[in-house]
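Next up: the structures, one after another.
Each of the next two complexes has subunit A plus one other chain: subunit B in the first, subunit C in the second.
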Partner chain A sequence: MAGEDADAGEAESDAGRADGSGFGDGHVVARADELADGDRLVAQVRGREVAVFRHDGEFYAYLNWCFHQGGPCCEGVLSGTAFATYDRDTGENDLRWDREGEILNCPWHGWEYDLLTGECLSRKGFTLPSYPVEVRDGDVVVAL
Partner chain B sequence: MAETERRPSLLESETVVDTDVHLSPPFDELAEYMDEPHRSVTKYPTYTPVNRGGWNRYMGGKIETEKDVVRSADTLYEKICVEFGIDHPIINAFPVLTSIPEDDRAVATMRAYNDYLLDRFLDEYDEFLGLCTVATQDPAAAADELDRMATEDSIVGLYLLNSGAHPPLGDPVYDEIYRTAEKHGLHVAYHASAGAPFAKDFPVQDAQFNRFLENHMVAHPWAHMLTMTSLVVNGVPAKFPDLNFSFLEAGYGWVPYMMFRFNKEYAMRRSEAPLLSKTPEEYVRDQFYFASQPVGEPNDPAHLDAIIDVLGPENLMLSTDYPHWDFDHPDALDKHVRRFGDDGARERILSGTAIEAFDLPI
Partner chain C sequence: MTNRDEEGAELDEEVAPEDDTAPDELREGRPDWWRENERLREAMDLPEYRPPRFSDGTYTHRVTGPLETEHGCRIQFAGVNTRYPEDWAVRIDGEPAFGIGRHRDEQGNTVYELAADEFRTAVVEALVERTG
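Presenting the complex of A and B:
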């Protein structure tokens, strides 16, 4: 499994305390240079498991809790997934594999989530709770 | 499945029985419980000693399996009893014996699975209960195996893989198995399987489907519908009134449809099932039990409650199917029962029904 556990419970962010600009309580979960592109980590933040991903230079933070049966969805494989279309005019079926590296798969039962939005592909209407995340003074800070 | 200890179990104060927990014996270890020539065949198979078909079962590695966890009694206890809050797992060795082409090797493998289950698991924890595997290829050898294993207090029933069992399991050729089970007070549990065993029953469908989702969707309900039909039409529950039967791995949504269809069909063609003295629905309600996994997921959760209501908690037992890829966390069913059911129904589903069905010593 990519990433590593981090405990942000005791690491109240200097940035968070100094801030107060609406970012909420900031929690330092890692140094930015500890999280290479494509990496992730799972941190304990105020009693919740929050996963932070770095993908194409952007950071994403989601609750590590699958809507299905509470599995650790953020610890699963990042892959692509299948998309299909049927053209009613031409009668052509088109099947393609796309979004490589941007689909998060819960390791318990394979429920799929869009890494960029948190949207659940497996059952419409569910979106993983996300948290603002940014880099301040070289720290990855999650607001919660 | 990564660590899950972060969730405190809601089941700590209740008695919980899990009616479908599997092992995954490494074949080289299983071989140690076998004599030659079967030991060498199991250690050095052509492809694999037990064929499960070539389907993409594990989604190309997207999902984890925890087969290592079920390879020692200690790790299984920690996962099932501590983390999941199960007081008594009823463990089967998950033998896929109908996939073994040679009947004598199926019998040797049957004995090895049972010895492995006893030696490595049931003898290790008082909480562990188990099912004796029998090979349907040789009913006489299966009956002998029941005689051998029934002396073990931890054996509470027998495990029949119904997928790929020929002829269907109500046929009188199996009477010897049922007579012996009844003699020893053993419960009869049927477990279905997708992949290669499915292909024995439904070769055309197995060949023509193009995705494992299709195979797996119908494999378990078709096998159980076949078995239930064969049992009832052949009068097995009437011939062996002290036997109870359970159906594992297909949930229970299929059961109301079968009961009601069966009543209708039987009434029209009574002379083809002359051993019956009451309606098929009554036989099902009186002697058949159903394990919950996979708990259905209707878009409106209240619909699941409607189905449970029709079947009644008297015939429904919790199961997880751990550690298989489509397992249910025990909370999948329990959260539903907490929401819709009363305490009495919850007690039945979590343990009471299984205690009755398997006549458990708890």
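Presenting the complex of A and C:
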């Protein structure tokens, strides 16, 4: 889920909670200035791993468990993916590489996820759990 | 009841998550996020959830909580721009203090490559160094 500009860590205890209303249980994971555009941070929060990505000025937070076998899907390469089209009338195929830097590859078995939506491109119908992110007083806060 | 992990390490007084026959009073000692994470894993059709733990089987939250209380600090496990299985950093009050190796077991659950006592020592040493 995208959030406004910002920064981030983990908080198993309540010590890392930010007190915000209407934001669920907010957890400070880093300072906003720690994450430049294109950076990511993965942190242990409440017994699970949450990844925060900064992409084009927006923040996105996802669960770091791949649907395939529970791998660290948010700690793989960010690349593009190949899109194929088939024209029934002409019988022509077209294969193009697109979305460079917006496709997450799980390092275990290569399952792909759309960074902007969490949608799994390797298996229809699966979307990574996402979390609201916001920058509050210079801190990146994730709500679980 | 004494609980031990697959290497035989004692798991404090909490029951192992795979022990569905455990008395309710033992399961009630778990933090609320434990059950939330179990439900999440079930919904994702993933292997059974087990909280992050140290190499000796001790769950991290059983160690970080008391350390945070004792020393008035906040302890986090995190990695910036890391690729699995690169080391993460243990952060104290938001500042990286020392690196920590980690891997996922066959169930996809995280195991840090320090024993609980080694971790406690490293945190205390980092705090001493910080205060000069």
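Convention: the second predicted complex is superposed on the first by the 123 of 144 C-alpha atoms of A that agree within 3 Å, B and C clash if a C-alpha of one lies under 4 Å from a C-alpha of the other, contacts with A are read in each partner's own complex, and residues count from 1 in each chain.
The criterion applied here is as follows: a residue touches a chain if its C-beta (ideal position, glycine included) is under 8 Å from a C-beta of that chain, and two chains touch if they have at least 3 such contacts.
What you see is a predicted model; the values in this text were computed from it and never measured.
Colleague: Go through the superposed model and pick first if A:L63 touches only subunit B, second if only subunit C, both, or neither.
Modeller: In the superposition, A:L63 contacts subunit C only.
Colleague: What is the contact status of A:G71 with respect to subunit B (first) and subunit C (second): first, second, both, or neither?
Modeller: In the superposition, A:G71 touches subunit B and subunit C alike.
Colleague: What is the contact status of A:D39 with respect to subunit B (first) and subunit C (second): first, second, both, or neither?
Modeller: second
Colleague: A:V140 in the overlay: touching subunit B, subunit C, both, or neither? Say first, second, both or neither.
Modeller: Neither subunit B nor subunit C is touched by A:V140.
Colleague: Once the shared chain is lined up, is A:S79 touching subunit B (first), subunit C (second), both, or neither of them?
Modeller: First partner only, subunit B.
Colleague: Look at the residues of subunit A and decide whether subunit B or subunit C touches more of them.
Modeller: The partner making contact with more of subunit A's residues is C.
Colleague: Have a look at where A:P107 lands relative to subunit B and subunit C in the superposition and call it first, second, both or neither.
Modeller: Both subunit B and subunit C are touched by A:P107.
Colleague: Indicate the residue numbers of subunit A shared between its subunit B interface and its subunit C interface, in ascending order.
Modeller: 49, 69-72, 75-77, 107-108
Colleague: Touching subunit A in the complex: which residues of subunit C?
Modeller: Answer in residue numbers: 31, 33-34, 36-37, 40-41, 44-47, 51-52, 60-61, 64-65, 68, 73-84, 88, 91, 94, 104, 107-110.
Colleague: Could you pull out which subunit B residues touch subunit A in their complex?
Modeller: Touching subunit A from subunit B are residues 1-4, 6-7, 59-64, 325-329, 331-332.
Colleague: Give every residue of subunit A touching subunit B within the complex, in rising order.
Modeller: Its residues touching subunit B are 1, 49, 69-72, 75-77, 79, 105-110.
Colleague: Tell me, which parts of subunit A touch subunit C in their complex?
Modeller: So the residues of subunit A touching subunit C come out as 8-13, 15-16, 28-31, 34-35, 39-44, 46-49, 63, 65-67, 69-72, 75-77, 107-108, 129, 144.
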